[in-house]
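Shared chain: subunit A. Partners: subunit B in the first complex, subunit C in the second.
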Partner chain A sequence: MSEKNIVQFEVDGKEVQAPKGENLLKVLIDQKFKVPYYCYHPGLSVAGACRMCFVEQEGVPRPMISCNMQVQEGMKIKTESENLKNIRKWNLAFHLINHPLDCPICDQAGECGLQDFYMEHGQYNSQMQEQKVLKRKVVSIGDHVMLDSERCILCSRCVRFFDEVPKTSEMAIFNRGDRSEIGTFLDRPLKNNYTLNSVNICPVGALTSKDFRFKKRVWFLKKLNSICPGCSTGCNIEVHEDPREKQVFRMLPRYNENVNGHWMCDYGAMRYEKINPKNRILTPKLKQGHELVPTDWDNAQKYFDDAMEKVGKDLYVLITPQYTVEEFEHIYATFTQKGIQNIFHTVDEKNIKDTKVIDELLMRNDKNPNSKGLLKVSAAHGLEKQNLAAFQKELETQKIKTLVVFSPADPDSDPEFMNSLKGIEAVETKIQLGTAAQYETLDFDCILPTLSFVEKAGTFINFNDVEQKIEAGAKLVEDAKAISEILC
Partner chain B sequence: MKDFPKVLFERLEIPNIHKISVFQEHGGYQMAKRALQMAPEEVTKIVTDSGLRGRGGAGFPTGMKWSFVPKDASKIKYLLCNGDESEPGTFKDRILMEKMPHLLLEGMIIAAHAIDCHRAYIYIRGEFTESIAALEKAIEDCHTENILGKNIFGTKFNLEIHVFKGAGAYICGEETGLISSLEGTKGWPKVKPPFPAIAGFNRLPSIVNNVETLAAVPWILKNGAQAYRKFGTEKSPGTKLFCLSGPVKNPGTYELPCGFPLKDLIFDIGGGLLDDLNLKAVIPGGASAKILTAEEALKTTLCYEGCQTMGTMLGSGGVIVIPHTQCMVDLLHVVSYFFKDESCGQCTPCREGTGWMHKIVDSILHQRGRPEDVQLLLDISENIQGGRTICALADAAAWPVESYVKKFKQEFVDHIEKKACNLYKYSASL
Partner chain C sequence: MLIPRPPAYRKWLYLRGFYWGFYTTLKHFTLNLLHLRKIPTIQYPEKRRERSPRFKGKHILTKKLDGSIRCTSCYLCQTACPADCIKITASEHEDPTVEKFPISFQIDLLRCVMCGYCEEACPVDAIRMGQEYEWADFSESNYIMDIDHLASRPSLKGGVISKLPT
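And then the complex of A and B:
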């Protein structure tokens, strides 16, 4: 941005700089001024409906809503005054008179705009003695979304979201006055891949996630900055987990202007299920007779090391693009140092060239978070040509004696994965490193649990060659080990 | 009855004036013809000089409004005629549309020329079936006579006028609510700025004028700005239609010069109240205007500044006479129900505040009132008005509450303390 587009103005006596014409409320929020708001969302058009964000401007007789003001050189803004305090208190009261006091059973409690701003700007005793307006409760409006109309403050964020982002215009506000209610046309369920965003942007508990409902009070959740493993777009996300319970409870989008904006798809948001213990490989397992039997790490590691030693350079390795760049580097470096060249990857080149979005907004055909990373590392070792097709040819020749497979963390990313390994039965020693319980099959002689993407730090490279970091959180599976611990 | 100058009703009594032939025989469309020979700025200047103010309620100077339209010739501009007439107690536009549709169309042609508009809409509330039929017929006839359509009167000026039927919502009389409705969406007012003159219908420059405003334009053009200024007062020039209703002997719509004493309208023109009734109060400008006590009403003159001095507004000119038998709690019950029902629900203070106020009034009326309710009503009304909302509906809802409670406080207190009122039995309950 060039210098001349930056303007200087004053807020509460403090000098503030911002691009000319920028939304004033956005600047105030970014600069941590305490201005309450409900209907404004930086990713949506301005509604001006909640009337919470009033500020005063010098030379203008009446307070104005800051969400509908643009930043201008030399303007003098006040965000605190007796009058503003009174306006906020009353507007908050208007929001609350018909709002049920059901915080103890509301999932939004703890991250609710009404609670937060009541503590900051309200703190009055309610004067409402009349019967509240009764509206619909527990209305399913889609696979992921539950509506409680009584809690709704009619900020219209959800309506604007479906109008403006996936552009499906599925929601609207029906009726008028204090009988107004949000809903879907003819009560049809929401049918697009972005419905959970409406839950995320709902400032109150009107729209809740069917999946997250009643599972966890939000203040127990620890937040990790991460990248969605659901496809090659690499949406920036926040993973919310409870370390004490060793469970991830949800994944929310995190703003990144260049990748996903404020949003993520429902498919991505539900990926967290794959990394919770109930879908994980929990212990090392070895085949005994016709069964895979849990064993301890000493045994398993010994089996693995022996197999490596026995096969030497003739080892075959198959890697799926679901691990971090750092892990790929470790795998390639460790094996090539031992002279092993039969390292194959399963990146589908045709798939990654097709970078078009396949749904309304963000999802891409390649469901792997790190295809570009795997290609990059394999190319660095001159092995980029050894793809799945080449591996399958080798399988057919039946010369593979020992095979190590790094299986997909998310079976949904490649439902055909096991089918693509036709002929694997003929391999004498088959070892799998991975996380997905779905791949605990008799096709393998040894299974070693590794870390999922929320338990390790690293890098994913998205379809557009953007390198993005993921953060390590608590270990969810006690017996899972980092690849660098197993391979050394 | 004395004869008063007529601007809008000048030709009202002529039989069949709604027919294009009769209208033309009596000088109809001559002014439109003349206007098309003039420069648009010239037309705007005459209207500005005349001091004509918007007759919908807000009283904004019409010429000034027109001058806000960007002069950029490449941009499409719209003229939108507001015939929603939704303010309770108002029935003036309807008469103009039904009886003199061509007068409105002539005014619209002139205004369209002034703002360089080639497509205009008349937004009429759906219940006004006769107005709709009259205007549709008038527009059709104009097309046959080459008064509308392409190359009007052989000039290069083109204009199409369309009738749009509303669904009878109060909020669609608010100019941006009207625009939303016209765009095919819910009649929700839009956040301002931008104002309609810059970004209105379809986000293009649009002028919204009331029927009565546009109907006054041909006369002004014919007789000149100064002639118009001879009527009325300095700040409220010209004449205005007043709709007198309530228990008076001669209710109806009267054209009177602005500044006319309210007392004379009620007792002279209106013939006073029906037998045995005394004047208790007057709502001077439609249901949203603050009420005047009988004493105040007798001192009020019907012009923008005259009403303002008395703490109320001229509004749409809907003068509602309240007799001494009317219980004010009951009256407020009806009025607050209207605003609660008509609040569009878009922004919070109005959506919640109007409902809350009505519930409190309902409690007071039905013996459930609490002593603190009187102050609470005043507090709520104070905190939904004065720019707290997107449009002025909240103000319109707050003013009756504020003024009834302040001026007739004892009745509210009696209802709460004695759980009764000796007037309520006379009043028709909702």
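And then the complex of A and C:
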């Protein structure tokens, strides 16, 4: 940006620089000034509904809402004064007139805008003598969202979200005055793929996630910066997990201007279920007779090493694009060092070229987070031509003696994966490394549990060749091992 | 190295302390035997000490007037607990005005340090610390109290009803 477009102004006696015409409240939030707000959201249009973000400007007689102001050269802003304190206090009192104050049972407690700002600006003693207006509670709207109209402060963030982001305009404010309520027309369920974002942006507990409802209080959760494994868009997310309970509870979008903005899709937000222990391979398993029997790592590792040694260079490997770039590099390097060239990948070339968005905003056809990464690593070893079709041809000739499969972490990403392995029964020794319990039903001789994307650090490359890092959290499955530990 | 040692007779000096201690024991023995001092010995378990109403004993989950558990499972006691002995599982209630209730509420008495923070943290007077303190048992698993035991064990005679407005 050129020098000309930067303006300099003063906030509480501090010099602040911002691009000309920028929203004042956005600058104040970015610069960590304490201005309360509910209806403003950086990803949505300005509504000016909550009247909380008042600031004073020198030379202007009355306080103004900062979300509706643009920064100008030389303006002098005050965010703290007796007058502003009074405005915020009474404004908050108005917001709370009909609020039920059911924080003990509200899922938003702990990350609620009302709670946060009440601690600073609240009145503490209610002067309201009228009865509270009772509205509807526990109304199901859609597969993921539960509505509680009593808690709503009518900030209209959700209404604007559905108007502006997925452009489905499904929610609106009905009735007038203190009987105003948000809702969908005739209580029709929300039917787009972005409904959970309305839960995330709701500053109070009016919209709560059906899936997360009552499962955990938010203050027990640990946050991890990660990348959504749901598709090749690679949305930036925050994984919320409880390391003591060894469970992931939800995934929220994290702001990244270049990839996903402020949003993520419902399909992606529900991916966390696949990494919780109940959907995971928990122990190494070996085939005894016709059944897979849980065993310990010493036995399984010995079986794996023996099988590798026995077959030598004739080993066949099949890799799915659900692992990190680092893991791909390790796999390719280890096997090619041993002279093994039969390393196949399951990247679908057609899907890769098709980068069109298939829903309202973000989701793409390729449901693997790291197809580009796998292609890049295989190309570096000169093996990018060996795709699934080539593998199936080899499978038909029935010359495969030993096969190692790195199965998808997320069965929904490749529903055809099981079918694509038809004819695998003829292979003598079949070894699977993976995380998804669903693939335990496949006819394998040895199953080794590996780490899911929240338990390891690494890199995903999205459809647009953007490399993004994922953070490692606590181990959810005790017996799972990193691929670099198994293959060495 | 030469270590200077005290003369040998000094080691007999411990006898002085020995006799002094023995004298104290005998003194208390005779005094107590003849009831010369009125020592408040209580003949437990026939007689029991009167406890303050603020005594922090075994936990009680209170009930509403209709007899259902008062707890809304807000997890504040679990959050406040320094010993990490409370474990709650919340669930959705059929009645939308109740909305949330605990389907399981466990307190591990062996972990509990009887600090009373749970009672303090509870916003709805759902958990109290009662008067019971005799809970010797043979098995560790018996110390994990479930929701039925906490709310309606026989000694509570049907449970404690909290009369605060809901």
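Here, the second predicted complex is superposed on the first by the 486 of 488 C-alpha atoms of A that agree within 3 Å, B and C clash if a C-alpha of one lies under 4 Å from a C-alpha of the other, contacts with A are read in each partner's own complex, and residues count from 1 in each chain.
By our rule, a contact is a pair of C-beta atoms (placed from the backbone, for glycine too) under 8 Å apart; a residue touches a chain by one contact, two chains touch by 3 or more.
Model, not experiment: these values are computed from the prediction.
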item	value
Greater residue coverage of subunit A in the superposed arrangement, subunit B or subunit C	B
Partner chain in contact with A:Gln72 - subunit B first, subunit C second, else both or neither	neither
Touching partner for A:Pro104 - first (subunit B), second (subunit C), both, neither	second
Which of subunit B and subunit C A:Gly48 touches, first, second, both or neither	first
Which of subunit B and subunit C A:Gln341 touches, first, second, both or neither	neither
First (subunit B), second (subunit C), both or neither touched by A:Gln131	first
Which superposed partner A:Asn365 touches (first subunit B, second subunit C, both, neither)	neither
Contacts on subunit A seen with subunit B and repeated with subunit C across the two complexes	none
Complex contact set, residues of subunit C against subunit A	72-76, 79, 90-92, 96-97, 99-100, 123-124
List of subunit A residues in touch with subunit B within their complex	46-52, 54, 62-65, 68, 86-87, 90-91, 94-95, 97-98, 127-131, 133, 153-154, 156, 172-173, 175-180
Parts of subunit A lying in touch with subunit C, wherever the complex brings them together	102-105, 109, 137-138, 213-215, 217, 219-220
Residues of subunit B defined as touching subunit A within the complex	169, 171, 186, 191, 193, 340-349, 351-356, 359-360, 362-363, 370, 372, 376, 383-384, 386-390
